[in-house]
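So that we are looking at the same thing, I have put the structure below in structure tokens.
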Amino acid sequence: MKCIILPDKFDYDGSQISSLWAYNSFGVQEDSIIVFRGACDVKIEHMIDLEDRRANESIWSEDMVSFIIEHFDSTDLKLVYARQRLFTAIVGEYLSGLGVYTSREGDDLFLKGKKLTVSIASTSAVSQKIHFGINVSHEVYGNLREAGIGDDESIVRFMQEIGEAYVREFEDIEKDLRKSRPLGVV
Amino acid sequence: MKCIILPDKFDYDGSQISSLWAYNSFGVQEDSIIVFRGACDVKIEHMIDLEDRRANESIWSEDMVSFIIEHFDSTDLKLVYARQRLFTAIVGEYLSGLGVYTSREGDDLFLKGKKLTVSIASTSAVSQKIHFGINVSHEVYGNLREAGIGDDESIVRFMQEIGEAYVREFEDIEKDLRKSRPLGVV
Amino acid sequence: MKCIILPDKFDYDGSQISSLWAYNSFGVQEDSIIVFRGACDVKIEHMIDLEDRRANESIWSEDMVSFIIEHFDSTDLKLVYARQRLFTAIVGEYLSGLGVYTSREGDDLFLKGKKLTVSIASTSAVSQKIHFGINVSHEVYGNLREAGIGDDESIVRFMQEIGEAYVREFEDIEKDLRKSRPLGVV
Amino acid sequence: MKCIILPDKFDYDGSQISSLWAYNSFGVQEDSIIVFRGACDVKIEHMIDLEDRRANESIWSEDMVSFIIEHFDSTDLKLVYARQRLFTAIVGEYLSGLGVYTSREGDDLFLKGKKLTVSIASTSAVSQKIHFGINVSHEVYGNLREAGIGDDESIVRFMQEIGEAYVREFEDIEKDLRKSRPLGVV
Amino acid sequence: MKCIILPDKFDYDGSQISSLWAYNSFGVQEDSIIVFRGACDVKIEHMIDLEDRRANESIWSEDMVSFIIEHFDSTDLKLVYARQRLFTAIVGEYLSGLGVYTSREGDDLFLKGKKLTVSIASTSAVSQKIHFGINVSHEVYGNLREAGIGDDESIVRFMQEIGEAYVREFEDIEKDLRKSRPLGVV
Amino acid sequence: MKCIILPDKFDYDGSQISSLWAYNSFGVQEDSIIVFRGACDVKIEHMIDLEDRRANESIWSEDMVSFIIEHFDSTDLKLVYARQRLFTAIVGEYLSGLGVYTSREGDDLFLKGKKLTVSIASTSAVSQKIHFGINVSHEVYGNLREAGIGDDESIVRFMQEIGEAYVREFEDIEKDLRKSRPLGVV
């Protein structure tokens, strides 16, 4: 599994959630997590979560770090959702390691009661994908700046270390499941 | 999904990891998480993790809280391992909420550098299961007592709230995946 | 699994077979069976059965009861087709209980040699769906009125009891598969 | 899919539910339904249904027609249970065609309130299997004799026509799923 | 599984890779391999391989034999790719039987260092498909004519025997997997 | 995926087909192909192919090269059989590259009409495995010595290059399936 941190500003408009975006943009032929920072403004046709669509919700942030995860090993919805929750927990754990205590509800992290993140997961016939975005700054919602993670260097470290933590988690799982016997039966 | 907290002391000898143990013991016909407290002493024939077997490792604790999770909705190894990691994160989050900061490495929680937990996950032809155990007290390893969660009342609350948190997480996932559109494609 | 009987007349134009229609229309976040009564006139772009398309067949009824079933637990074509057949049998059993004897051929019911029903099943990347329609009245095809089930009250009861019977069947299966041991092997 | 009617008396002791029994006994290398008639006396070690085991229930009949279905196209528990229910409905439909009206509850048929049948379904790592047995005569339970289907010729016809009906249903499903477009999406 | 050799010239423009093309064109309701000969000129909107798209590669041949394989038994990407490689090997084996020695790299055959074939595989929500094309004549690439398989009769035999070889391979696999016990476990 | 060539003589008795043998023996936590040379004498309890069992066939060779392949990415029987056939073709291609022309029938290679190889494939609840053995010398069956590949150095090269060719094939497939769009639909 490959982790790529985009060096330049890159805006999220929702089209990056499409299957094969990573291959098409960067030629990656592995499962991948692509991390970038930029504005977020999701076009209605790219809204995967129908709740947002029905509510005509805007998914907007002036400055957001986005993680785009793609796996080709399964198209099981249950699996991509379990992975999404696990990723959210990983972000919470990282922040906790910096002394920033968030609370997780499903795929959302909250900071002092304010929603800090957006996330969606789904599948196509060929892959499963997760988008997870976290505000760097925001006038209404929770954001990293308020948490004291505001300078560029910290953000870059945040992008890199979380990207790598997910790759490590994935590879660790792949190794663990290769040493466990099938269950006995009552 | 059902959560059952056993009211009496119950020892874990590894046979509880077998498929259908929950039905056979309690007549549960749902996915379930069974929580109990007692000694832990895993017999070699019930060791699922071959690493422990090869190392002839003893899995022993005088006083442990055990969570036994069983799902029948899939026998995918990848899924049960993602769920196991997610469960481990949930326990870490709960402890963090009590001001007890652990670090997670895969399916293990560490408290001040000492291993606090044991866990295994696997599948049979009919179900997937997870055992997750956390020491209440232990002479060598990390344990809840040292973390200040030692009295019986706190332990009961710990068992109950984590059991319920996992059920809530599972049901929340089931709901979320029923409102997401399939992915578009580049 | 949830059963919803629409209280008002609702026409079937084929778009209701799309994945996530139930969520989008009624906010349901469970597997579901939605039951309604109205005219049926399937637009060519919503025809799932290519045989109908090739034959340029019209799927039309002035007054039809429609059942729309959606499951998110699997996208296996074999499973949705087995469920479709089972549902068809359930309808036949219900009618038989009223003394109306139909014969089933695959996903069709016949009443005195006349086709009484239409049905289709398929999957997307996220869910599996079944449409099953039964004529209340029809100039050419079999219909409930001719079977003596013509008054509004009987139709409402028919809609409700079959909807509930399918939910019961589904939940009964989910319970049964949670108490069976894996097979031995020769 | 192959249907084999055993010409001679053959007793069911539960071992026939094992995977690959059909290959081992008859060299069949297709999905199959094997039909035979004889006594039924299931040994405890072959009991797949843990409810029977826990209740120490005897599964006994002096004269029973047994259908043993094996599919290798999937090891999905949900699918084998849907197929089991569908098979049960097929038997009910056949009897109804003879003027014998039973009621179905899950995988059981009842005749005038008396249980007429036994059935179990499960999977191994390589196949899925169903046993469905119906009493020809029985002192306590419902049976075909009481339903007026007692002579040997009728029983042979019953065995043959139901075996063939299931094969036809299976092959019809396989054909139908090869002409349906994927679902559109809201 | 059915093999159909189209008697007349038929051009490949890429639309034949769509799911259900065989049913729509020939009414086939089995898994199938359709074989035809004609020009090949793949329109950009039918390009499945994004590498070709990104490279703006032309997939063009004045005279090509095309094999279109469709399976409905699974939508697993790993399986369709294994089948594609196996098919490629079958073609190589057939040519080798004629004394024409090619080398295989993945899904490509090379003749004296020149690429002889094109191939792609993918899935939709309902089926998996493979296109495999081999140049009969070509100014740049390897082709059957140069290999001494140029006359119409040889080409027809080539089309037929490879089509039948794949059907035989598929059916042989289906039979073999119905006589193997599950694995034991260390 | 990892390829391990055992440096010393190692006999095959059939127990190596068990799931997790590679982990238990060598600590491998990846998909793997383990290659070794030694006598072959399969004990009846390790016979996976029931045809051999029924025929009471001996699977015996004084000197055989064995390839043991294990994948944990799926427990689909269809997939492991497709991989087994593909592996067999790879061996045939390698021999062909040395000027040794064999013919393949399913999972068997024949040299001048004599069976050169044995092979079996199956799954457990956690992995899929293939054994493929090829006689180095044999009094009755085909063998590498007769094909002119008799000296130790050639055998070592044979073991290594085929092991690596399969790993390359597997990894090439994994890369290819990460750049293909889902199919369109008629």
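We call the chains A, B, C, D, E and F, going by the order they appear; numbering starts again at 1 in every chain.
Here is the rule we go by: a contact is a pair of C-beta atoms (placed from the backbone, for glycine too) under 8 Å apart; a residue touches a chain by one contact, two chains touch by 3 or more.
Note that the coordinates shown come from a computational prediction; the quantities given were computed from them, not determined experimentally.
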| item | value |
| --- | --- |
| B-C or B-F, whichever has more C-beta pairs in contact | B-C |
| Of all other chains, the one whose Cα centre sits farthest from chain D | A |
| Same vs different contact residues, chain C with chain D, by half of numbers used | same |
| Relative to chain E, chain with the most remote C-alpha centre | B |
| Approximate Å spacing (C-alpha centroids) for the pair chain A, chain B | 25 |
| Inter-centroid spacing, chain E versus chain A (mean Cα positions, whole Å) | 39 |
| Residues of chain D engaged with two or more neighbouring chains | 19-20, 23-24, 50, 72-73, 75, 77, 122-127, 176-177, 179-183, 185-186 |
| Contacting residues of chain A [partner chain F, same complex] | 19-20, 23, 28-31, 72-73, 124-127, 174-183 |
| Residues of chain A defined as touching chain B within the complex | 15, 17-21, 23-24, 46-51, 73-74, 76-79, 81-83, 85-86, 89-90, 92-93, 96-97, 101, 103-104, 106-107, 120-127, 129, 169, 172-173, 176-177, 179-186 |
| Chain C-facing residues of chain E, complex | 20, 23-24, 27, 72, 75, 125-126, 181-182 |
| Chain B-facing residues of chain D, complex | 50, 54, 75, 77, 122-125, 185-186 |
